[in-house]
Amino acid sequence: MSYFSYYMKPDGELISNLNREDILSAYSSGKGLLWVDFLDLGDEDKKFIEEVFNFHNLAVEDFISPLIHSPKVDDFGDYIFLVFHGINYTSDSDVVETAELCIFLGPNFVVSGHNVVLFCTEAVKTSIEKTSRPIKKGSDFLAHELVDTLIDNVLPTIDRMTEVSADIEEEIIQNPQKTTLEAIMKLKRSTLQIHRVMVPQREVLSRLSRGDFPIIKRGTQIFYRDIYDHIIRISDLNQTNRDIADNALSTYLSSISNRQNEVMKVLTIVAAVFLPLSLLAGIYGMNFDNMPELKWHWGYFAVLGIMATAIIGLVWKFWASNWITIGNRRVQRIIDLTANPKRLKGYFDSIIKPKKE
Amino acid sequence: MSYFSYYMKPDGELISNLNREDILSAYSSGKGLLWVDFLDLGDEDKKFIEEVFNFHNLAVEDFISPLIHSPKVDDFGDYIFLVFHGINYTSDSDVVETAELCIFLGPNFVVSGHNVVLFCTEAVKTSIEKTSRPIKKGSDFLAHELVDTLIDNVLPTIDRMTEVSADIEEEIIQNPQKTTLEAIMKLKRSTLQIHRVMVPQREVLSRLSRGDFPIIKRGTQIFYRDIYDHIIRISDLNQTNRDIADNALSTYLSSISNRQNEVMKVLTIVAAVFLPLSLLAGIYGMNFDNMPELKWHWGYFAVLGIMATAIIGLVWKFWASNWITIGNRRVQRIIDLTANPKRLKGYFDSIIKPKKE
Amino acid sequence: MSYFSYYMKPDGELISNLNREDILSAYSSGKGLLWVDFLDLGDEDKKFIEEVFNFHNLAVEDFISPLIHSPKVDDFGDYIFLVFHGINYTSDSDVVETAELCIFLGPNFVVSGHNVVLFCTEAVKTSIEKTSRPIKKGSDFLAHELVDTLIDNVLPTIDRMTEVSADIEEEIIQNPQKTTLEAIMKLKRSTLQIHRVMVPQREVLSRLSRGDFPIIKRGTQIFYRDIYDHIIRISDLNQTNRDIADNALSTYLSSISNRQNEVMKVLTIVAAVFLPLSLLAGIYGMNFDNMPELKWHWGYFAVLGIMATAIIGLVWKFWASNWITIGNRRVQRIIDLTANPKRLKGYFDSIIKPKKE
Amino acid sequence: MSYFSYYMKPDGELISNLNREDILSAYSSGKGLLWVDFLDLGDEDKKFIEEVFNFHNLAVEDFISPLIHSPKVDDFGDYIFLVFHGINYTSDSDVVETAELCIFLGPNFVVSGHNVVLFCTEAVKTSIEKTSRPIKKGSDFLAHELVDTLIDNVLPTIDRMTEVSADIEEEIIQNPQKTTLEAIMKLKRSTLQIHRVMVPQREVLSRLSRGDFPIIKRGTQIFYRDIYDHIIRISDLNQTNRDIADNALSTYLSSISNRQNEVMKVLTIVAAVFLPLSLLAGIYGMNFDNMPELKWHWGYFAVLGIMATAIIGLVWKFWASNWITIGNRRVQRIIDLTANPKRLKGYFDSIIKPKKE
Amino acid sequence: MSYFSYYMKPDGELISNLNREDILSAYSSGKGLLWVDFLDLGDEDKKFIEEVFNFHNLAVEDFISPLIHSPKVDDFGDYIFLVFHGINYTSDSDVVETAELCIFLGPNFVVSGHNVVLFCTEAVKTSIEKTSRPIKKGSDFLAHELVDTLIDNVLPTIDRMTEVSADIEEEIIQNPQKTTLEAIMKLKRSTLQIHRVMVPQREVLSRLSRGDFPIIKRGTQIFYRDIYDHIIRISDLNQTNRDIADNALSTYLSSISNRQNEVMKVLTIVAAVFLPLSLLAGIYGMNFDNMPELKWHWGYFAVLGIMATAIIGLVWKFWASNWITIGNRRVQRIIDLTANPKRLKGYFDSIIKPKKE
């Protein structure tokens, strides 16, 4: 059982590290603003919460439970129960995982709980101790601060994933390998994981910013709308990474086939060059009594000459008929123009001018 | 025909194993709370139900029918008819299957029926005999207990499927085989099966918790909302397993191609090394009269030397030109960073600091 | 022009095979219940219908037209025009096809039409002649009987498709062939065909059972709701078959690649064994004057011995390095557990027990 | 500038080929019904329209512009502006393209415009000159005639695409080629093109038939509903063609792999037969002094016999072990049953009988 | 800090390049129309905006922030805050990127901001200096001009992408290469990028044109509806390009396999021709004492003849059995008819004629 707590008295005095009785009296007074944050929730916390606060049984169970809950908002009249997800920075998993922040939000209290260390509670704690600004502006604003920091802390992970996807894009063209495929799969699953929590989160924030709950005051709704916009941004970036992962997968599969083609060509060239020549050597290795060429003085050297000519000729032919291809100019042009929109500018100017007249 | 029954009299007395007349009088009294549970429904049960209860013909047919019905709720005014699905733990199928629980829910009765043994009815029965709590709180709460236990019993299957998908993920990278593909396909179909019953189930619970039916009292609605949340959780876990199965399929297909590349390379190396040398041996096996090298004292050994040099040289060249690749450092870095979000922490700290100031 | 007709007089007398004048007077009387069923509609029928009934021109054109119409309901105030689809059991097509049943439903008449023989009209006809029950309960109930039988007659096709998909699943693992692919494609297109008519059909039945049309009386709505449930069941079964077809397609594609791998391995093993040995034989076939081994008494037998050793050694090596794989134990375990949920029971018990306490 | 015009005077007289002043006076009178149809719209037309009619600037620009506009309806109070798409039968493109028909529809006028020749305007023109029926029934009916004919003219293209898809289906099984792939891709893109215009068109017609616009009178709405049904039918047929194209693509890809397998098998059989025999010949071509077999009188013939036996034996073995497969009976059964629903009839009868009793 | 500004005084006089005090007084007067456009926003701008204008803090932060925001509209009562996206023509990225235009729109002011040079602000500036038309018609019309020009400037990029996709389509059939795949991937990601901003943009414009915001006057709404239509057109063109990219990817993958087939066939033909002949040469190279053919006078030449016959025969056989295929007539017909809808005209005429009668 580990928790910290702050209480802003109605007269504006801020006290911290309240004991159980203080919390109970602050909570019951119905005045001021109480914030209690629980970390690593267990049975002891459950008992504490049940005895001190007047919360609905089912919400307390969700609050305590180590199982994952989807983001949601439950309305209990006097207070609402919120579940949000941020990145779990303590996970050892190969794939990005999310961590849960549960919040009871009432007129004069915010009770938050989480099973892993979250940067958002630390950041808000620091901010309160420095300026006490978040706790001065009411419980709905304090909850907003927690959720806002939680969501903003997803961005570094998204940025890292964007870097990884850029690395994959480079890797996949230059030197695709089995490990690249693993990286693609991990990236893809991470984007799906993030997508899966962002969709219900968007819905919850849309409801909070729309004024469905009287606890969120009119002036604070716009701040929740702001978190909503951040989630839209995160979803867009995440979706772009997913597109890159999908493209990389297609490219990877085609690169395996391409590589196989290269191997096949080497094999075919080797066979096409040496099998006929071996036949030639075999012919003159036959033991027929009457083989006039064998008597010829320059016969042997003629055969060697024919073989050398054949080798050179076949290699040249394979080269010429594009079996060993070199990127031709035409395609290069396509890429350059797609790649560099700056060049489109000239093109664009000629189009836009008739409009200006 | 096999059923068990409980009746909580209005005065709080609990009687069990009622015979037909008792059930009829308890049902008609309109008081107390009657629970009858039918297992393995047949024509005899149909007759029994038609004679004792006053249910609509179509609902009774759905109740009796061994066919699968989608989860639904039908409103008959005085009572509602519910169909829910849980895991069928008695099935021999290769793929996870669901079993149906049908419930008639009225003000003073719960009539449930199922064709396979379900743990939820056993659990609620045990709970009633121990504490009689579920039956004390009204018919809507008793029905909730049944549905809640039914849905929660899906979780062990989901957990097992998660274990299987983890095994598949390991298997697919180390040693993918035809049996792995079968496991992927079974996992995928199981997730689809679960998905297919969870979607309408969510809809039904949303309606039950929203107050659409007066039989579900206000205080009990939140409990149905709780089952709704469990279903969301199950759907999310199930979706993750499906993503893993999809990824594993892509990886499997690419691993077949990769393996083929390896085989091709071995073949090509063998051909590229031995076909030219065979030609060389063939040349000196020709029977021309005038082949000066054949007279040379060290000719034979020179040819052997050339052959040995060629073999060593070609193998070295194939090695050097990456035909037998070893994972390069760069890609490894990508994976490590994706895999271990802990390392992102440092990165994250530098990002988050400007915010705190 | 082929039709049959029934008329239940207001006094309960049932007459059949009415001629044109009888139909006209029964229809105009506005009393009793008239049912006329047209088969294989043509221009003559059109004229007949236009002269006798007072239907809207556009609806009559849809009724007559041999073109396929999507399921729909059109409200013309006094009567409604319904289009439903069942299985076309007379089609010669490789893919399941649907047949149309058009119904004009008014307060005292049901006029149905179809271009192919449908079992539903036969069944309702038989039922009327035996008990006259369907025609006693009003026009909305009679129309329900037709639609209900039509939809239920889809089930045998679905069952057959389920059997086919089970056959495909077995075939695809044991011995996939080009004809298996054809069967998969036909199954897939059949499921799509059924899906395409069931979606609008569901919508139409939802409207009929909701009370949007006063012609459907309150008491009959629940019967239309019952057809709605049947459609949901059919759609679910159909979707499962489609999943199986999709899985089978993936398995088929991977099995082709797997088979190619097997072929490649045989080729590579053959080449890797015999090309080096041929070189050895070639070397001792060279005609150098000074080749000391050739003089050795046991030289020939030594070479034979080396060759035999090499063959045995290489085959053993390919075997050992898993080129000819045997399913390893680990994967087998995965499959068994996925396949047989019964085994999950023990696992499940240990999970569920803490809940019961 | 090219246009034709008709004016039905309030007294029922029909005049055609009005000049500018006639059009202006007919339009301003607010009586009778004026139809002007513009083909191949240019700046001159714009000037003409701006001077004569009182239309909103933006709608006129859409009307004139050669760019493609999505189907839509814009409400300008006194009149509505409609954009519909039909098939562009004058296009040279490899893929089916659509052509635009813009209509201004007011109480006493219809002004239509299009950049390519459309059969619908020709057809309505002919119909007016013959019977003047379309122009007698009001502006909303005249517009309906234009749109109805436009949409119905999509059907020949759909029918042609259905024929093409049937050809592709046959081709893909018998002899798939690179050109078949091109045909699949063109078919697929054509279906997508049609799908893309049909979706908004359906939406527009749904609004027109719902009574959203007072210009469409109650009695005419049902005619717009009829066009709506035609679009649904076109969409369904189009979707079926798209399914066929998708299936054909999968089949094509697998057929390439299958063909490669066949090639590989030939290669492997050739290598497996001739490499070992070449070794045998090589062994007896070695020049060891002590090779007893060489002295045997029948040695040569024994070797020839061994070789012949080996060739026959290996070919027989490859045949027996199914490398050259012949469709086995079991799969054939699957196909036959899928293919021919008629055979399901017997099966169906046994299922349906219990129902009839 | 870089900005330009215009102020249309209530008396119609236009002044430009206002300093801070002028802007402040113009803004506070509540009369006339003020337009300020900020480029390359930084902290200095933020301070300026905060001091001069009375905007909500969160909107100002979005306005200043260099991060990407999704298109949106926020209602602040007196003014609305708009975010739109156009093409970023200054980006060096390989993939089309979008640039943001933020607009504060109030009754007498438009404050716009963007981090990259946008052609739309330049174009509107030029237009104001020439005719002052955009600024005369009110703030909602001025904002419309900006957004309209921004969206219209997407078209040149779409046109360029359409050209690129046409190039890819040609390339993919004639000579697909690794660089073609890169071009496909870039095209695909560009279409996704454009799709991602167009979807919310459409939603915003739908709300602006619907009259949700009183700042947009009734007469101007139709102009926003016009932009909405442009976005629909852009989305349609973009979607077509995406379809082409998807098709090209499938074609590319199949072309790799096809090419591999060609390589395999060459290899197989070489092996099938030369391995048997080498065996033949090997046989007559054996050193058996008793090989009667060796003594025959024409033996050697007979063997040469057999070899030549075998080579010619095998090549002819491979040719005949279609291993080297030539496009057959039948498929060509399919393509031609798909490709050229003109030919459908005759077919169409015969269909349409019965309609005309």
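Per-chain numbering from 1; labels A, B, C, D and E assigned in written order.
As a working rule, a contact is a pair of C-beta atoms (placed from the backbone, for glycine too) under 8 Å apart; a residue touches a chain by one contact, two chains touch by 3 or more.
Remember, it's a predicted structure, so these values are computed and weren't measured experimentally.
K.L.:
If more than half of the interface residue numbers appear on both sides, call it same; otherwise different. Which is it for chain A and chain B?
P.N.:
At the contact between chain A and chain B, which are copies of one sequence, the residues are largely different (under half shared).
K.L.:
Give the rotation angle, in degrees and rounded to the nearest 5, that superposes the C-alpha atoms of chain A onto those of its identical copy chain D.
P.N.:
For the C-alpha superposition of chain A onto chain D, the angle is 145 degrees.
K.L.:
Indicate the whole-number Å distance between the mean C-alpha point of chain B and the mean C-alpha point of chain C.
P.N.:
For chain B versus chain C, the centre distance works out to 24 Å.
K.L.:
Which whole number of Å gives the spacing of the CA centres of chain B and chain E?
P.N.:
Whole-Å distance between the two chain centres: 39.
K.L.:
Name the residues of chain B that each touch 2 or more other chains.
P.N.:
Within chain B, the residues that touch at least two other chains are 253, 257, 260, 264, 267, 271, 275, 278, 282, 285-287, 291.
K.L.:
Show which residues of chain B lie in contact with chain C when the two form their complex.
P.N.:
56, 58, 62, 67-70, 72, 74, 87-97, 119, 123, 126-127, 149, 152-153, 155-157, 159-161, 164, 167-168, 171, 175, 177-183, 185-190, 192-193, 196, 200, 249, 252-253, 256-257, 259-260, 263-264, 266-267, 270-271, 274-275, 277-278, 281-282, 284-287, 291, 293-300, 303-304, 307
K.L.:
Write out the stretch or stretches of chain B touching chain A in their complex.
P.N.:
Per the touch definition, chain B meets chain A at residues 173, 222-223, 225-226, 229, 232-233, 236-237, 239-240, 243-244, 247, 250-251, 253-254, 257-258, 260-261, 264-265, 267-268, 271-272, 275-276, 278-279, 282-283, 285-291, 323, 325, 327-328, 330-332, 334-335, 337-342, 344-345, 347-348, 351-352, 355-356.
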